[in-house]
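Both complexes below contain subunit A, partnered by subunit B and then by subunit C.
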Partner chain A sequence: MTPLLDIRNLSRDYARPGFFGKRERVSALRNVDLSLQPGEILGLVGESGSGKSTLARLAMALDDPSGGEVLFEGENLFALPAQALRQRRRHFQMVFQDPFGSLDPRHRVGRIVAEPLHLLSPRPSTAEAKTEVARILEAVGLPQDAVGRFPHEFSGGQRQRIALARALITRPKLVVADEPVSALDLSVQAQVLDLILDLNEKFGTAFLFISHDLDVVEYIADRVAVMRAGEIVEMGPAATVFSNPQHAYTRSLLAAQAVFTVPEMQD
Partner chain B sequence: MTQPLVRVEGLSIETASGRPILRDLSLTLGRGKTLGLAGESGSGKTMTALGVIGLLPAGLKTTGRIVFEDNPLPDANDPAWDDIRGRRIGMVFQEPLTALNPAMSIADQVAEGLVRHRGIGWRQGRRDAVALLDRVRIPRAAERAKNYPHELSGGQRQRVGIAIAIALRPALLIADEPTTALDVTVQREILDLLSELVRDEEMALMLISHNPGVLSYATENLLVLRHGDCVESGPTRQVLTAPSHAYTRGLLEAIPRGSHRQRRLPMEGR
Partner chain C sequence: MSASTRKRPLGLIAGLVLTGLLLAVALLSLVWTPASPTKMQILLKLKPPLVAGLLGTDQYGRDIASLLMVGAWNSLSIAFLSVLIGAGVGTALGLACAIKRAGIFATLVLRGCDVLFAIPPILSAMMLGAFIGPGRFTAIIAIGVFMIPVFTRIAFAAASRIWARDYIMAARACGKGAARISIEHVAPNIATPILVQVTIQLGLAILTEAGLSFLGLGLPPPAPTWGRMLAEAQTFLRPAPWLALLPGLAIALSVLGFNLIGDGFRDLLDPKAETGR
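Our next item is the complex of A and B:
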């Protein structure tokens, strides 16, 4: 089966000013291979600066790589003409960590959620757009009257539902979610995680789920990739990686997290 | 019997329009002890801390009292606070980058309080600052002392924040989400440092966190807040393993443990 997303030998360097006006090359991503099957939830874990977000931006073709390719349904996104890339964008969407910063505070939720519909061709009519907005608001568990309200009127968890509605309105095959629950309270985090699982099941949307929280990734992911310093050091089924980690770095991350394990409640 | 270091008695805080932020909170914290304040956003945990350090936003109505080192804490804006805040009570914030001055070397920021309160000169202040930076395990403290905050990692910045907070050897350290923005390995190092200071300096620690794992690791006693009410308190382990209140139980059930294929998290809204 052709993978939905096939990242091959992907690298990204950045230039950074060095001493005496020389520019140093800093490698944010080194020769990364990663693939995602349709409908799969792949967890990407790593500490800050490991390159997770760089990888996310490249997978969404929001940035150009220094080398390598990103194949979406077999097509290299970086080889596509701009118009063709634009037409593909309806199939891959993104959700960010900060539900405050990623929603335009001046626009009503109806407009925010409908925004990606301009990627469709033919472009839906106003009536069709309304129907789609209503459909997706229901799917993410938001009330229909949300369309007329502004982002600041919603709690953090509800704002993340708005962000998911916007990402899913074009019926994408892939959603890249970069730390989507990191800013949320525990009970709200649980609700958003379960919403993602429901949406994955209902629409068959694949998720590239990025998080620094190993417990969250173990909960949600089918497979997991562990990043360190721009490289993937270990990848496999979540059940295997978490119960039998092969790489010393994965083991050290799990050991660090284990310190913060809350003792189980007695019944 | 010796008096506890901090005694909060019936503290209530409400907005000018009468919306309650904190209702009738009482707690005690002994010298050299650690107390965790748990709760989600809007629970009142940060307001409790700001009340204890006299930094509540203007316009709030406060009733009840806080006794610290056997004396009631003064009203906000009372000049008596200058002898308490920073000297007897130190505070560490979540985001050290916003709490630190970007235009001042870290040695000068640590030295500032010493120079102001101890009547020593800047030269001596900077020497003491280097010792403090070493104390909080900034590697090569003498060299790093000349650095500015942006030149340090997140974990090192938080160490500087702690050095500033403990410079005048306070009896109480309040840490509000001190490790929330940090990677898990760095979180542990920072919490170990705080625990060590509590032990060696006989400092009491009030640790505020939304993360039960952090509170489990670093506190002896725990108080759970919800919408301004204390729903329960007790020894941390007991509260976490045998919570008496349904809210605490629900919160703990929301912690992911293992794959969703084994156990789905509860969905009910709270």
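Our next item is the complex of A and C:
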């Protein structure tokens, strides 16, 4: 079975201007290999600055790699002509960490959610778009009157639902979610995670779920990849990685996590 | 004492009233003036206010109230059109530059703005006037071109900040191109600073137009302008000081009106300013 997303030997360097015009090269991603099956939730964990978000942008073809390729359904996204890439975009969408920055404050929710619809061909009529928006708002658990309101009228959790609705309206095969619950309260986190699991089941959408929170990833992911300093150090089924970590870095991540779980167990 | 703790935007209200009055007078002059602004009555020359006409007469016996009213229209129309040119072209350039900030286009435009900044509008009006002769068009173009770099820079700075937002990334993930993103997402989000700048530049445009007219580079006679009234009044400063005071006051009040609106808008629309309340 060909994987839905196949990342091969992907690297990304950034040029950072140093002193006296000398340019230093900083490597954000080094020879990363990663693949995702249709309908799968792959958790990507790692500390801040480990290259998770760089990987997310590259997987979405929003940035150009320094080397390697990203195959979506067997096609290298970076080799496609611009028009063809645009057409493919309906199949992979993105959800961002900050629910206050990822929605245009000047647009109403109906317009925000309908944003990717122009990628469909034939392009849906205004009436069709309206039905689609109504349907997806219901699927993410938002009231229908949200359509005419502005993002600032909603709470963080509701805004993340809006972002999910926008990402899912074209029925994509893959959603890249970059820390989608990190900015939310714990109780709201659980609601959004359950919603993602629910949508994964209902629409068969695969998720590349990026987080620094191991508990969250353990809860949601089928498989886990652990990143450190731009490289993937360990990958495997979630249960295996969390119960029997092979890499020293994974063990230290889990150990650091344990410190915070102990007081909860004493209650 | 009012129970409300919110500071009332008194400056904004005063500015709106002043500008509203000015606009009303300017529009009224198109259909009605107390007397013809070009009709000379030498017998009634240099009469003080209320002796002949509401605001007196000038050295040719023309009614000053009528001259000021038509002058208001000339001033405002030139100011509005030149700011429209400056804001339109400048904002479009700024938006385009923000797409690729270090690109050749952005570098050329922004350095071009630096060059344009160095040329005073009076000088460019003189050069333009030498080519096409003084007149309304010359004044509008000269002032408008001078306004472009201000708007380019403000639009560029504001748009660059917007381009770093996640909702731009989301729009790109939806397959939108840079031009479409600029129009649909960036432009609406930089409207506030542009609007504030428009009101401030309107005041400046009126001042510049008066300066051009003062030097004889604005509208040619007999069209009345505040600047030329001021220039001609110099000769009669001792016997008829109202000749200089009245157009001077008109210029000062209209610039004040626009500046009050600009400041008021900024306070009203800038969320950071609210903490000071």
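Convention: the second predicted complex is superposed on the first by the 261 of 267 C-alpha atoms of A that agree within 3 Å, B and C clash if a C-alpha of one lies under 4 Å from a C-alpha of the other, contacts with A are read in each partner's own complex, and residues count from 1 in each chain.
Rule of thumb we're sticking to: a contact is a pair of C-beta atoms (placed from the backbone, for glycine too) under 8 Å apart; a residue touches a chain by one contact, two chains touch by 3 or more.
In this text the structure is predicted, and so the values were computed from the model without any measurement.
In the superposition on chain A, A:Gln93 makes contact with subunit C only, while subunit B stays out of contact range.
Applying the stated contact rule after C-alpha superposition, one finds that A:Met1 touches neither subunit B nor subunit C. In the superposition on chain A, A:Leu119 makes contact with subunit C only, not with subunit B. After overlaying the two complexes on the shared chain, residue contacts for A:Gly156 are found with subunit B alone; subunit C is out of touch.
Ranked by how many residues of subunit A each touches, subunit B and subunit C are led by B. Contacts of A:Ala239 after superposition on the shared chain: subunit B is touched, whereas subunit C is not.
By the touch criterion defined above, A:Ala190 lies against subunit B but remains apart from subunit C after alignment on the C-alpha atoms of chain A. Chain contact summary for the complex, subunit B toward subunit A: residues 40-41, 154, 183-185, 187-188, 210-214, 216-217, 237, 240-243, 249-260, 264-267, 269-270. Residue ranges of subunit C in contact with subunit A, taken from their complex: 165-167, 169-175, 185, 188-189. Within the complex formed with subunit C, the residues of subunit A that make contact are 57, 60, 62, 85-87, 89-90, 93-94, 96-98, 101-107, 115-116, 118-119, 163, 166.
Residue ranges of subunit A in contact with subunit B, taken from their complex: 47-48, 156, 185-191, 193-194, 197, 212, 214-216, 218-220, 238-239, 252-253, 256-257, 259-266.
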